[in-house]
Structure formats: structure tokens, C-alpha cells
Amino acid sequence: MVDAFAGYGVATVHEAQARTGVLAVSITPIYAGARIAGSAVTVSVPPADNWMIHVAVEQCHEGDVLVVAPTSPSDAGYFGELLATALQSRGVRGLVIDAGCRDVAELQHMGFPVWSKCVSPFGTVKETLGSVNVGVVCAGQWIEPGDVIVADDDGVVVVPRRKAADVLDACRVRDEKEAVSRKRYQAGELSLDVHGMREQLAASGLTYVDQPPDA
Amino acid sequence: MVDAFAGYGVATVHEAQARTGVLAVSITPIYAGARIAGSAVTVSVPPADNWMIHVAVEQCHEGDVLVVAPTSPSDAGYFGELLATALQSRGVRGLVIDAGCRDVAELQHMGFPVWSKCVSPFGTVKETLGSVNVGVVCAGQWIEPGDVIVADDDGVVVVPRRKAADVLDACRVRDEKEAVSRKRYQAGELSLDVHGMREQLAASGLTYVDQPPDA
Amino acid sequence: MVDAFAGYGVATVHEAQARTGVLAVSITPIYAGARIAGSAVTVSVPPADNWMIHVAVEQCHEGDVLVVAPTSPSDAGYFGELLATALQSRGVRGLVIDAGCRDVAELQHMGFPVWSKCVSPFGTVKETLGSVNVGVVCAGQWIEPGDVIVADDDGVVVVPRRKAADVLDACRVRDEKEAVSRKRYQAGELSLDVHGMREQLAASGLTYVDQPPDA
Amino acid sequence: MVDAFAGYGVATVHEAQARTGVLAVSITPIYAGARIAGSAVTVSVPPADNWMIHVAVEQCHEGDVLVVAPTSPSDAGYFGELLATALQSRGVRGLVIDAGCRDVAELQHMGFPVWSKCVSPFGTVKETLGSVNVGVVCAGQWIEPGDVIVADDDGVVVVPRRKAADVLDACRVRDEKEAVSRKRYQAGELSLDVHGMREQLAASGLTYVDQPPDA
Amino acid sequence: MVDAFAGYGVATVHEAQARTGVLAVSITPIYAGARIAGSAVTVSVPPADNWMIHVAVEQCHEGDVLVVAPTSPSDAGYFGELLATALQSRGVRGLVIDAGCRDVAELQHMGFPVWSKCVSPFGTVKETLGSVNVGVVCAGQWIEPGDVIVADDDGVVVVPRRKAADVLDACRVRDEKEAVSRKRYQAGELSLDVHGMREQLAASGLTYVDQPPDA
Amino acid sequence: MVDAFAGYGVATVHEAQARTGVLAVSITPIYAGARIAGSAVTVSVPPADNWMIHVAVEQCHEGDVLVVAPTSPSDAGYFGELLATALQSRGVRGLVIDAGCRDVAELQHMGFPVWSKCVSPFGTVKETLGSVNVGVVCAGQWIEPGDVIVADDDGVVVVPRRKAADVLDACRVRDEKEAVSRKRYQAGELSLDVHGMREQLAASGLTYVDQPPDA
């Protein structure tokens, strides 16, 4: 079922679950064109310390997405092509990290997509423990292990595991509706008419005034 | 006349009107390579509410650029491919928005350029009125309906409608001057000499000191 | 020797000098794919005034990288294709600037790479002196003329001139080590085993708990 | 009439003109406890250049508020106790500046209130002209000379000159309404009842669910 | 038990629960000198819409702290002295909000403390539902209804309800330890000796070098 | 000589050394009213690790100011009242830190002033070495051990040790000049006249236009 989410964009999934679950807009893809869906393996890491990501690799399986959140804001580059090599060999689909990522040219070359807060060559230490597969707050969203992560050029959204089936249904419905609207818009119809907004607008007090000819 | 502005870059237009009119650098293109000029249709919207954009579509015509400014800062994704489809079918050339935009992959595919504050899948509501074709402050600039908007990879600049003809003339002059400078620079001449800066620099107190051989 | 640094990425160089020298992550390349190494020519400029960059051009030689830092934060576009033309004709490899850059489409077309704080069409004046080839703080790092600058898609790092030979040696060592790790990761080995982390983790108190089957 | 605005807080004035006119929250008072209303004298200044403020002093009169906006973002300290001395001797009530201010201890001692983007000791030059008493965008609002500026601990709001009388009436109405609400809230009544919100909430779909006893 | 937390500072509570639970540093008190502890009543609100806060007031009781988080970043002023009057009459101890607050002078006068992201006169609408007493992410922390909120001049920390007793014990232990250290520091002893750090530092490779007399 | 600097404000010292040396405006005092001057003891610390501050305490003497800079941005609370107690007992005058500080109520009570990037209860670890009394970049300025640090409500400025005597002389000169200007401004004279700016303004092209009576 997780795979089916990749057929919908992040915006659609977010709307389909009542406009919830979007990570902060500070999280952006390191290269354009990737779209993934997967099951979250979560990691809580200390600032500028990536030891726990090494521990997390072993917990990852085919179809997972790694989700990393520092306990205090960090610009450090926690992740690069060596860790990506290890994850890719296990079938992991990508990384979402509320911190920095490095080796971005190599990662694009490998086809391992990352959504991060920044690109940063600054290295991390391996000194302090953290936690794997616990609930974490990542870029403003609460993510539990096994939740569905969908990510594309628009950003990242999390779908709570227990709601995934319902959200997927809602995505289908929304997608079909939008296909109808799209055709009508292409034909020159206005959303004011397609969605019957004119009455509501008038009821809310919208008025039209003529512009003076020289305004 | 508006079309002629597209032949000049944003930087040139800005310089040609005495270094005014540039929108804040937080406004960036969602994809590289677009350059447009058009007549502003302005929209003042509440935070996270895009109802008034739907109203604005009807006011847009061939050659327009839609300019959207929220009344309080918002990261919401006010605009996506459906609204772009509607605008494109009316001949609108692009969107400038001091807020979020989504469906960026689709927008690039459609060739509908957007300059926005962020990419954001976060959806908006349709609850509260705003205003169309009034003066708005967008990313630090005052823009009135009918002003000329020029946008490219460097950013966005607004030219007040009543000054457009003069600014266009000044663009031509500046462009020709720069062509001359470019050739001389390519030939290895220095701007210090091309623009006769050495005397002014000396008058301002510039001194040259020898560097010690090992410094 | 400076040229040899271009064979290593910024992240490697940074690690090879004990995780020092990385410029702030706010400095990003204006286009992807460039990697350069060169000798720093430094410029301290007033906010929104690029006069001193014109003076600096004359001090630049084949293989240099221009490094520009304002004395107070500025979003102005200090640099564009005309100055790039002048620098390119002198063999300068690129620009690092803790301020704005413009004409980014032209710069990419010319193949003149820039790492900057922002893209900005806002023009500068030529009114106030600054300094060329003095120590400057650029994006959080102290840079002296003649230091080695390495820049790629990950960012920018400075190597103090007197340490350059040692750092280059350390880059080679690190690069070879990573090649070995990479192969083992590709073969499915874990960093926990490749680097013998399991004992240290246990000593630090790491424990593994079984997840309930439905968690 | 301008003076009467000082009797109302910034929040009230903003609500009384249909939630418009508030400057960005980045503009804060340098000390707590000041509340002023006055007529705007506007100044457009280059980044890090305060020459035009000196020109503006001569244009200020009793009851004015000086409003300063740079043409590009600047952290420089454009204003200190010497300029405040000059303004205070002319009866100016305060300064609103979308840039830096310095000598804040002295300004508090003098009782000259300033709302600024930052406190900054960084000095400015006197090299480049700007404009006095033209329309300016200051912290996201369009302000024309003669507009009413109201500022207090909550921030700053601008009231367009031609709307001032109507807005003042609306302030009175709002203030009286709030006095009634305040009394009822103090007596323990709920806004749900005071403003009859329960029906609208139910109509919008609000539901109440019992919390499990241990939740 | 909740009350006992107010005897410890936020920093102590945070350390006592293994350095977890601190809200982002962007959340600051609107006035200095308040220190509170209480039980969380949580509210998830749409951007720039405070309708649900009115609903939440009814769910608040003596000893509670209201916690408000928008679903998308907002600078709006969701809360002022009227809502504070209603909450104060119900015995609520304060507000934590990852958005704006207004009427700060009145709130200080009333003695109703608020920790907010900004001070903002910008008003909100009452159009869209949200949720009361659900888990929310507020300023980077996951907060559930009934969790303990502790707030002082240093910021805000959340203690999960089920851990409260243990954390309180750990606070006592830590507090007593610090009292001992404080006395020894006051007497001129060094933490290097008080905590026996010299050996660990040496083991980590710390070396001391003589400074040249003129350095 | 260092003590004499405390008689001048940060703004004056900065101007007296040709507008150099000011730390970024993100560094602010944790309480108002302190003004100090002292000799820098510098500390370079890893992100979120304050071990090296403990080492630095031993290197501090009467009249010093501790200057702490992380090698990568950190919001952690590196410093609180226990370390302040240790420093105060050694005669240290204050702390400047490009990171977080906690226990701000206690620090104000003790009269130990701190200039920091933020207030943060988030704790640090003691795992990784750094350096004491080396050159550091702190908030955008290069600071060497023994440099003079001056800090007040306006911010922080560094004076290189070798220039201290000259800068102090320049402070005296500037201070006397300003006293004369202040008197003339208090008497209602304009800076345009006091400093003879009218001719330069006219030469730069300043023109005065009559405002229409109703503008």
C-alpha cells in the first residue's frame, strides 16, 4: 500500500488527510525530480553527532525511508555518499533530515534522494547516543516508526500508519476530481463557475467596482 | 511596449530606473531559465487563504502577470497547477507571489513560471475576502495594477506604469554602454581604466602597499 | 599544489584539516556542477558598494579565486557578468561572496562559478573605499590572501596557506580509506562492523529493545 | 486628531481599519512603555547611508514621527542620540526605522522612543542621496508623508491620512465593545456565549468527544 | 505534583529528563520574571485563525497552561488581554504559543505570562475549525494534553505526564548536586577539579602550550 | 588602558577605529544596563559541547572577558550561573558567546553580564576538545586572545590589541566633537549647518520641491 502513495504528489496526500502532515518548507530536495514513498525508520540524534545514523542503518529494510531529527538545531552535514551507499544496498528509498547533508553531487549521481534543511560539508562526531525507531519531531511534524513518508519536489508529508488506507482512498477521490477540474480550466472555464463560488463570494460581501479608464 | 522589457534582464531594468523596484531576494524562481515581462494584476490575500486568487483569474488577460501578496507572512502553498492551467488558458505569463507555491514539477512541465518565497505543499482555505487590482506591497515593493513586472533568474523588478517608456529608453542606453565595456574587458582592459576610476580612487585616499614577499 | 585540491571535495578537505574551515551554509553555488580550487585574493567591501572589487581585479592572476566580504550584512548584487568577464580574461577561477550576485544565467553560460549568499539584482554604488588582500572574515571563516579556497556543490572551505601541504596529504589518506569503506558498504557490510563501533556503543550504554509486533 | 490615536493601542487601530496597516513583527521598540501617535515624515535611504536623515530633520515639525526605510535590507545603525537630540528639540515624537538604531541606553534616558529592526552600533556613511517625504515601503507597509503612525509595545501601524477620521471613530466603537466583553469575561462568562459562537461552531462541524479517564 | 516543578528552572528540568523537551529558542517570554508550571491544554489552530482558542477556554481549569500551535507558521497575534482575562478568571497560569501575541503591556500589568514566537498586533479571523486537547507539535516538541509545562526566563520545557514523578525526583538530585558545586566554585575551586575532568581531558588528547610572552 | 574603553560606548569605539570590529547584531545582552571592557580569553568549542569552557576558566584572570565561538552554528545553552560563579570569583567581567546562554534570571541577579545569540535552556555535553586562546571568528569578527572587548546595550566591538592605544585616543577626540555637536543640536541648530552639508548635498544633486498644499 505504501508504494501506491508515490503515485500522488505530496500536496495531494496532504489535502487528502485534511491538510495535515506537511513538514516545514525549510526541508527541500537536494536535486529535482525524485518522488518517493516509504515506511519511516526514525532517528533522534544529538546536534552535530551522527553516530546513531550508523546504528539505524541496520534497522532499515527494503522500502524504508530514513527520517533523522536532531534534538537541537544543527547545520552539520550528518549524511553523505558513504552512508547512502550502505542504505541503498539495503533498499532504502531516501532520507529526510532536519539538518545538513553533504556529497550532494555524488548522491544525485547515485540516485539516492535526500530532503534536508541545508547542504553542509561540516562533519559530525560519533560520541553521544540517541534513539532509533522512537517518535520524533522532524521539521515540525510528529513521526512514528512505520508511518508513511511521501516526498517529492514540493516537499515532504507524513501519513500516520493507522490512517494510511483511508488517506489513500481520499487521494484517489481527490485526484479524480482534479482531473475533471483541469479539463474544464483548460477549456477556459473559471473556478468561480466550476466550483460555484460566486454566490458564496457575494454572501461574504464581495463587490466589483469599475476601474476608472486611466487607473 | 511591455514586451520590449523582456529583452532586458531584471538587473538592467532596475539600474535603468535609478536602482529602484527590485523585490526582496527571498523571491526566487521555481525553475531556471524563464524571463518574462507583463502587466500586473494584483491580489491582496489573507494569510493561508487563496479565495481571492480564484476571483483574480477572471480579471486577467493576455500578457498579464499575476502578483499576489498576503496581508501577513504566510508559508502556505496558495497556487498550483490547476490555477496555472486556468491562467495559462487566458494568456497570463507568470506569477509573482510573496508566499508559497506547489506542484512545481508540473508547473515547470507546463512552462508556467513562478517566482515565490518558498515551495510549499501546505493548502489554503477559501473563507475570507481580499482585494484584486489594488495597490499592494509585495516583497518590499509597492505595486499597482498595470505596472510592468519583469522577472528572470535574478529576481523580479517592478516598473511604475507611468515611467515605463522612460525606463525602456534608459535600458537601451545602458545595454549599449555595457556592450562596449564587455568587449574591452574581454580584451583584457581593466574597469579602472575603462571608466577612469583611478583618479577618483586616489582622491578618496586609496593607497597601494607592497606585500612582503612571504605574505 | 593548489590544483590538486580540486580533486577532492569540500567535505573531504574539511575533514582532512580536523573539521575546520567550512564557510557558513548560507553560501551556495549559483549553479550546480562546478568544482574549483584556487588561491584567495581577498576584498573587504562596504555594504552595497562594489568599488573595491574593481580595484581587486587588477590584483588577480591565473589560478586565483576572488573572496569578497562586506563589513556589514548586505543583500546587494555586487557582482555580475561584466566583472566576471574581466576576471575570466585574467584566469580567475571563481568568486566566493558573502553577499549577492546577479546575471546568474549569463554567469552559468560563461562558465564562471560563484558561491554567494543570495542572487540579487540590486545594484551597488562606487563611493567608499575598502581593502584588498587583507585578512577578512567571510561567512564565518577567517581568510588571508594566498589561502587555498576549495568550492563545490557542497559549499566552500578555506585551507590556510601554511597548512596546505599537510592537508593535501591528509586528503589522500582519507580518500583511500573511504574507497575501502565504500566497497564494503556496497557489498552490504555495516559501518558498525567495518569500523568496529559495536563495542563503543555498548560501552556508552546502547541497548536494543524488541518492538512489539504491532508497533 | 492625530493625538487621539495615542489613546488606543496599535492592535485596536489595526482592527478598526479592517486588519490592515501593521508593520512587520521584526520592528520592535528599543524600550518598553512608550506609546505615540504622529504624522509621518518619510525618508528613503540607501543601505548603510544616513545622509538623507540629516536632510529630513529640517522637514520635521512638532508632532511628527520620522519613518525611515532603506532601499535594500541593512543592519547598519543609522540613528543615535545626536540625531535624536536634533529631532527632540523640534518636537518629533519618535522614529520608526526598518534598519538599525544605536545609543539605545541614551535614547531611553532621553525618552526618545524608537521602533527598529535591530540594535546596531555599525556606523553609516554620508555619500549617496535618497528622498524625503515620498511614499516608501517600510517593513511591509506603504507609508505616505502625512499618514498617521501609531506605535506602542505591540508594534507599529500606519493609518492613511484620508481614512484617519473614520478609523478613529471605529476605534471608539471597538473600544467600547471590548470594555463590555472584558467585564463579562472577568465575571467568568465565556466568549462562546458572549459572542454567540456555539451555533456557528456546530454548523462548521465542531464535535466534542469524551476523553477516556486516563488520557 | 505539577506545582513542585515551578521550584526548579527550565534548564534543570530539561537536564533532569536527559536533555529533552525544550521548546525552540524562538519562544521567549513577553516580560521577564515569570516562572510557572502547569498542566497542558493543547490547541491546534489554522494559520491566522484563533477561533479554536475560544473553544479551548472552556476546557481549561485551575492550574492549566494553554499551549497553542498553528498548523503552518504564522506571525499573527492570536491572543490578547481579553482572552487572558477569560483564562485568568479560570485559574489558568499562562500561555505558550508558537505564533504571535498582542496587548503585551496589558498582559504584564495583569500578570498573565505568555511565551510566544513574536509580539504581533496582526488580528486573526474566526472561520476554520481546529482541535483542542490533541497531541500537537509546538516549537519543535510533541506535547499531549496533561503533560507538564514549565516556563521561565530561559524558555519552556515539556515533561510527559507519565514521566513527571521521576523527573521531579531527578530535579531534586540535580539541584542538591549543583548547590555543592556552587559553593566550591564560589570558594575559587575549578570545575576541572570539582568534577575530576583533568584525566579525561588528557586522555582525549588535550595539551597545554606556553604562550610566547608577547602573544 | 583597557578599563578606559568602558567610558566610551561600543558605537564610539567602532567609529574611532574606522567603522570596524562590530560583532553581528544577532549578539544581544541578556539584560540591559551593563557596560564592560576587558581583555579577551578566546574559546573555540564544538557545537553543543561546553567542555572547553571549563578548561578556559583556569586561563582567565581579573579584567578578562570570555569570548566563545562554536565551530558550527549552535543554539545550545553552553553557559549558566555555575560557570558564571566560577568566572566571577576570578574577576572575569562578562561573556560574549555566539551561541546560547541560560539561567539568565540568576545571571542578572549576580550581575554577571552576557552577550549571546540566544537564551537557551538546552544543555551541552562534555565529549570533544576545542581550543583556548587561539584566534576565533565570533559573530563575524576575528578575535585574538588579548584583544580588547567592549560591550554595552548596543552590542559588542573588538579592538585589536596592537591598535588599542590609538583607538582610545580617537575615542577621546570623537567624544569631544560629539559633545560640541550635541549642544548645538539641543539649541536647535541643524546638522546640515553644524557640519556644512548643504554644499555637498547640492553638489550631489539634491533638489527641494514644493509639496502641493493637499499632499
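The chains carry the letters A, B, C, D, E and F, assigned in the order they are written, with residues numbered from 1 in each.
Basically, a residue touches a chain if its C-beta (ideal position, glycine included) is under 8 Å from a C-beta of that chain, and two chains touch if they have at least 3 such contacts.
Predicted model only: the values in this text are computed from it and were never measured.
Asker: Suppose you hop from subunit A to any chain it touches, then on again the same way; how many hops at least until you reach subunit D?
Answerer: The fewest touching-chain steps linking subunit A to subunit D number 2.
Asker: Report the chain whose mean Cα position is at the greatest distance from that of subunit D.
Answerer: Of all chains, C has its centre farthest from that of subunit D.
Asker: I'd like to verify one number: the distance from the centre of subunit D to the centre of subunit E, where each centre is the average of its C-alpha atoms, in whole angstrom.
Answerer: A distance of 28 Å separates the two centres.
Asker: Quick one: subunit A and subunit F, Cα centre-to-centre, how many Å?
Answerer: Here subunit A and subunit F have centroids separated by 41 Å.
Asker: On a C-alpha centroid basis, what's the spacing between subunit C and subunit E, in Å?
Answerer: Those two chain centres are 38 Å apart.
Asker: Hunt down the residues of subunit B that sit against at least two other chains at once, touch-wise.
Answerer: Residues 19, 22, 24, 71-73, 75, 122, 128.
Asker: Can you list every touching chain pair?
Answerer: Every touching chain pair, ordered by label, is A-B, A-C, A-E, A-F, B-C, B-D, B-E, C-D, C-F, D-E, D-F, E-F.
Asker: Over in the complex, which subunit B residues touch subunit D? Could you list them?
Answerer: Touching subunit D from subunit B are residues 19-20, 22, 24, 71-73, 135, 137, 140-142.
Asker: Which residues of subunit D touch subunit E in the complex?
Answerer: Within the complex, subunit D touches subunit E at residues 9-11, 14-15, 19, 22, 24-25, 28, 32-33, 152-155, 157, 178, 181-182, 185-188, 190-192, 195, 197, 200-201, 204-206, 211, 215.
Asker: Which bits of subunit F are touching subunit A when the two form their complex?
Answerer: Result: residues 46-48, 71-76, 122, 125, 127-128 of subunit F touch subunit A.
Asker: Using the touch definition from the top, list the residues of subunit F that touch subunit E in their complex.
Answerer: Spelled out, the residues of subunit F in touch with subunit E are 51, 54-55, 57-58, 75, 77, 80-83, 85-86, 89-90, 100, 102-106, 118-123, 126, 128-129, 133, 145-146.
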